[in-house]
Amino acid sequence: MSDQKKPGISRRDIIKGGAAAAGLVTASSLIPTRFAIGNTAKVKVGILLPYTGTYAKLGSNIKDALQLRINEAGGKLGGREVEYINIDSEAAPPKAPELTNKLLKKEQVDFLIGPVHSVVGMAMVKLARNADVIAVIPNAGANGLTGSLCAPNIFRTSFSSYQPGFPGGTAMLEDGHKNVVLMYWNYGFGKETAAAFKESFLAGGGNIVKEIPTPFPKVEFQAYLTEVAALKPDAVFTFYAGGGAVKFVKDYAAAGLHKSIPLYGAGFLTEGVTGAQGEAAEGIRTTLHYADTLDLPANIRFREAFLKTTGNQADVYAVQGYDAGDLLVQGMAAVEGDVRAKAEMIKAMESATIDSPRGKFTFSKAHNPIQDIYLREVVNGQNQVIRTVQKAVEDPAEGCKMG
Amino acid sequence: MPEIILRTEHLCKNFGGLKATDDVSLEFERGKVHAILGPNGAGKTTLINLLSGELQPSSGRISFKGYDITDARPEKISRIGIGRSFQKTNILPGFSCFQNCWIGAQSCLITSMRFFRPARHLRMVHRRADHALQLCGLAGKRNQIAGTMSYGEQRQLEIAMMLATEPELLLLDEPLAGMGSEESQQVTALLRELAREQTLILIEHDMDAVFSLADRITVMVDGAELETGSVEQIRNSQAVQDAYLGHADEEVA
Amino acid sequence: MHTVTRPIIVFLCLCLLLLLLFPVVGSSFYTGLVTKIMILSIFTISLDLLIGFTGLVSFGHAAFFGIGAYLLAILFGNLEQINYWWSLTLTLSLTGVAALLVGWLCIRTSGVYFIMLTLAFAQMFFYFFFESPHFGGDDGIFMLNKPQITLATRQLVDLDNEHHFYYFVLAWLVGVYLFLSMILRAPFGHVLIAIKANEQRVRALGYSTPHYKLVSFVIAGTIAGLAGFLEAAHTNFVTPAYLGWHESGMAIMMVILGGMGTLFGPVIGTFIVVLLQDFLPEFTEHWKLIMGAIIIFVVLFLPNGIAGLIFSISNRFSSRAPGGREG
Amino acid sequence: MEISFYLIQLLNGIQYGFLLFLMASGLTLIFGIMGIINLAHGAFYMIGAYLCYWLTGITGNLFTGILLAIPLSILFGYAVERLAISYLYRRDHLYQVLLTYALILIANELQSIFWGNDVHSVPIPELLRGSIQLTANQAYPVYRLFISGACITLAVAMYWVIQKTRLGMTIRAGASNREMVQALGININWLFAIVFSLGATLAAFAGMLAAPVNSVYPGIGDNILIISFVVVVIGGIGSIKGAFIGALLIGLADTFGKVLLPEMASMVVYALMAAVLFWRPQGLFGKV
């Protein structure tokens, strides 16, 4: 584990990329380049992900999967060797502008990959959209990133907060839950998810008994759970992630609520934390664009490869990183490694179809994935797909003036 | 009829159950040296702290030149013309002697909330600080860092800082405490010098010094006034000898 | 009380010259970084007024930095055109009012209580911006535009130009430095420094010390608000993390490392700490370990900071040529 | 809402208050006796939680985990006191703040090096895993009651140690007069080392107790640290009784704040603190 998270400009990353490339020199029969000079310089891929703090695991999984995809393509992008420049974002918004500038101005990267944290994403995209760079967001879900802040050179391979939220309402109505308590961490991502949930749930005739926003990132839920018990709803829809998800699910079960009031949530509630949640997670239903157990050839292949190279189980974050890598591979192949042909590359990326472990997807006009959302249930610690709630969910991309 | 500059009426101060000051009514005349004697724990320092506003009395009244200052804070008391020195040396050790006195002298400004002109342009403050140093015989030590001076000199500086505020009434809390005989003589001489023009209220252990300096003496025991009178009266008072000298022997022992 | 000797003045002028020339040679990234450092320096100098000159250890000073930044973003963030003069005046006066209220409550206590109270108030403001539904919560606020500095419809400085912004901030830093050295030389400053040395004595000499401390607190808070204003204008982005206690902790670190009780010390400290934060992560993921070790080293072996070192060196120089004393 | 709702919330508040008391009592003890303002107190909480996770994982049982973790915490507290804190006794609070702040940075990094950044859970032993049915659909976890029980036991034990034993006498004497303790021929360094390790262990123990319900993750110490400060300030620095009352007040204010004023739940405790201090700047039981 300690092996994969080396932030900063890790020498080893450069060597790793170089060595992989060197090993494949013979294999690569591509004769690239319209510009001979372009071929000698390495493609600079700047990665701004958290390697410390609460989101550290997400950051390292995304980075590993991204590099896995590029190495699968011969360790090169459009025939050129790759130099990775890693910076630890620490998921700290105040540092985001400076760190982004470090990649854009000091390192002058060709591609910018990141981040995990939505607010860091906002700060990053604000700077990147006016810069000569192509940015790919492998996680941060704030709607605005491909909404009001959308730009031709900004892509997202993950999701918008809207996407797991909106189908959540539909799924609960389909399951026959009409009176629902809505609980979420009261910060941007949680609020956006809750809003999208309400949109479909209320339109379908559902009734929100009470909306309980809880302070982020606090994990003392006992008082709220007592309230939920007193309200006696049909079910509860939530947004929690990481440590908060573990705590919430365990508290929910300990308060005896899991027996009488089914628990639903945006998929992060049971992503990568079911081990820590243990029995308490059993039976929880969540909506997400991915599930570990998806029975797709691409998924099975990917999960094996990821386990082999990193020794870790892949998760949704790794999938998103892997797809970010795929997008780079496709874009650079289209321009044969000429990073200056931005317009052409963007065109190729816009029209790319990503054969993702989550299932094939394409990009919306705002450069967000158009993807299927699954309803999953935790069975024996694993997220099993119950059904596809909604096919080809597209973010409304409010405020996006592009396309 | 001599002018009464400071008057206390039925002054009391309780700390929990302890009566540190017990119904003290005293009058201090302008231009006189009024010493307060008493064994350790007699409540002398508490009395001075009450007079200088460091402590607020539990009951009773204090008036200065006819104005009620019972509940006034230390800064107010200082501004209306009562200066005090402390029993434990209480100076600004990192500052030079001159700077120590400067702070005292600068309090003559109506307010020091002045942000623009450099302080060193204030000639009058300059003169007052230097004058205070001179009075206390510290002119030669003007630029020495206070914390590096001898103990006796620090005691002198303590008084100089008070003088720099140009008070009408001086409260001196054991100015001779802990001094060797030579230093002690120097400071006694200084006090005698001051006594010529100023009103002094003096708390002191050193009987010889008190008897040589004071015009009037009040003896306190257990927070209460035992007797007040001239030096002769006190010297000859049986009650004082019983109460105080008895204690004093213990103290020496 | 330190005496600013001639070698130090020469040293400071050299530093200023370096800062003046830097954008000419420095890359765009470092110009931006130094701009940020100078903004933070304004903030740490203001903290030094409290810690180093008044003896008030505020562990919540970042609150005023954050309030300044938030006021600009809340009041003016959505406007197409932000009038610099108006926004600055309004931001600073409201930050001053906030500092007055917090100061009034905190000044009544001293020592550890003061430390904990300032910390707790800062947390209160943090949660106010963090949880309030109106101010962006955890997401913070993104601003559309930078303030426009115009005088009679003529643009004086173009803040969108990073070199202009750099010199604009440098001018503010020099201005704040000169302003604070002015008030410290004035009667007011003498009282502050004396309060730090021995408050009880200063009170007995006739100064209403709570008033002086409060005024000092308000001045420091307002200048911190100015730094926040500049930071918000610089990045067009504010986040509740600006008010967090880690920011206050790092600011104290910068002041102590640079040398408290001198105005240039905090600037040096800020440069060192921010540059370390920039470089260290390139060597190890666990760079905060090194940061912690540096802090401990400073506390144990360098309590007067780098300015303390500079003073002892410069005293060696100036002791050869006596005179030039008295401050 | 029925009355049972408020009763259960009361229980929640008291339970949270007890846990805060463990944290705050250590903090206030260290300050009252040693005059040290210890920001690293939250780090001890974090270390306690991680030790508990680690040792419970090895031994397979929470109780043995905690039993092993306690001596380790004492040792750790002792080491920190000797290696860092002992240099601070004669220094200004400013340096104490700074040095203990550095200890937080270091402790967090060490945690990340030794245990990684994942969220971990600590299994509740079989014995305490059940719940007590309170209303038709709500149960109260037995483990939470166990936490409260453990906290009360510890509070009583602390009271007994401080009021009735020779060590307690020394501690009380040390709190009121340092010179006197030295005059009595008691080694003050020894006393400080004991008090500091004791305080650190109290925090660590709080972390251990809370680990099974809170799960264990990076940065858990930070949040509770600030709240513990608020408790100590409200109760009066140095007063154990104050810490107890303050902790209960904050526990209740926090719980009912969440329910009644959800929009500004986190601000309620700070507002309470401001109100108390406005009325009594030295805290409820603090000496002037």
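Each chain gets a letter, A, B, C and D, in the order it is written, and its residues are counted from 1.
Keep this in mind: a contact is a pair of C-beta atoms (placed from the backbone, for glycine too) under 8 Å apart; a residue touches a chain by one contact, two chains touch by 3 or more.
The structure displayed is predicted, hence computed values, not measured ones.
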Between C-D and A-C, the pair with more C-beta contacts: C-D
Computed distance of Cα centres, chain D from chain A, in Å: 37
Geometric centre distance via CA averages, chain D-chain B, whole Å: 48
Centre-of-Cα separation between chain D and chain C, whole angstrom: 33
Two or more partner chains touched - positions in chain C: 127, 130-131, 286, 288
Residue numbers of chain B (touch at least two other chains): none
Two or more partner chains touched - positions in chain A: 52, 215
Chains that touch, pairwise: A-C, A-D, B-C, C-D
Residue numbers on chain D that touch chain A, as the complex places them: 1-2, 4-5, 8-9, 12-13, 15-16, 112-113, 116-121, 123, 131, 133, 135, 137-141, 143-144, 213-215, 217-219, 223, 254-256, 258-259, 262, 265-266
List of chain C residues in touch with chain B within their complex: 1, 182-183, 185-191, 194, 197-198, 200-209, 211-212, 215, 325-326
Touch list for chain D against partner chain C, complex: 31, 37, 39, 84, 87-88, 91-95, 97-99, 101-106, 108-110, 112-113, 226, 229-230, 232-233, 237, 263-267, 270-271, 273-274, 277-278, 281-283
Residue ranges of chain C in contact with chain A within the complex: 27-30, 32-33, 36, 127, 130-131, 136-140, 142, 235-237, 239, 241-242, 247, 278, 281-286, 288
For the chain A and chain D complex, residues of the former touching the latter: 1-2, 52-54, 56-57, 212-215, 218-220, 222-227, 229-230, 232, 242-243, 246-247, 250-251, 254-257, 259-261, 273, 275-278
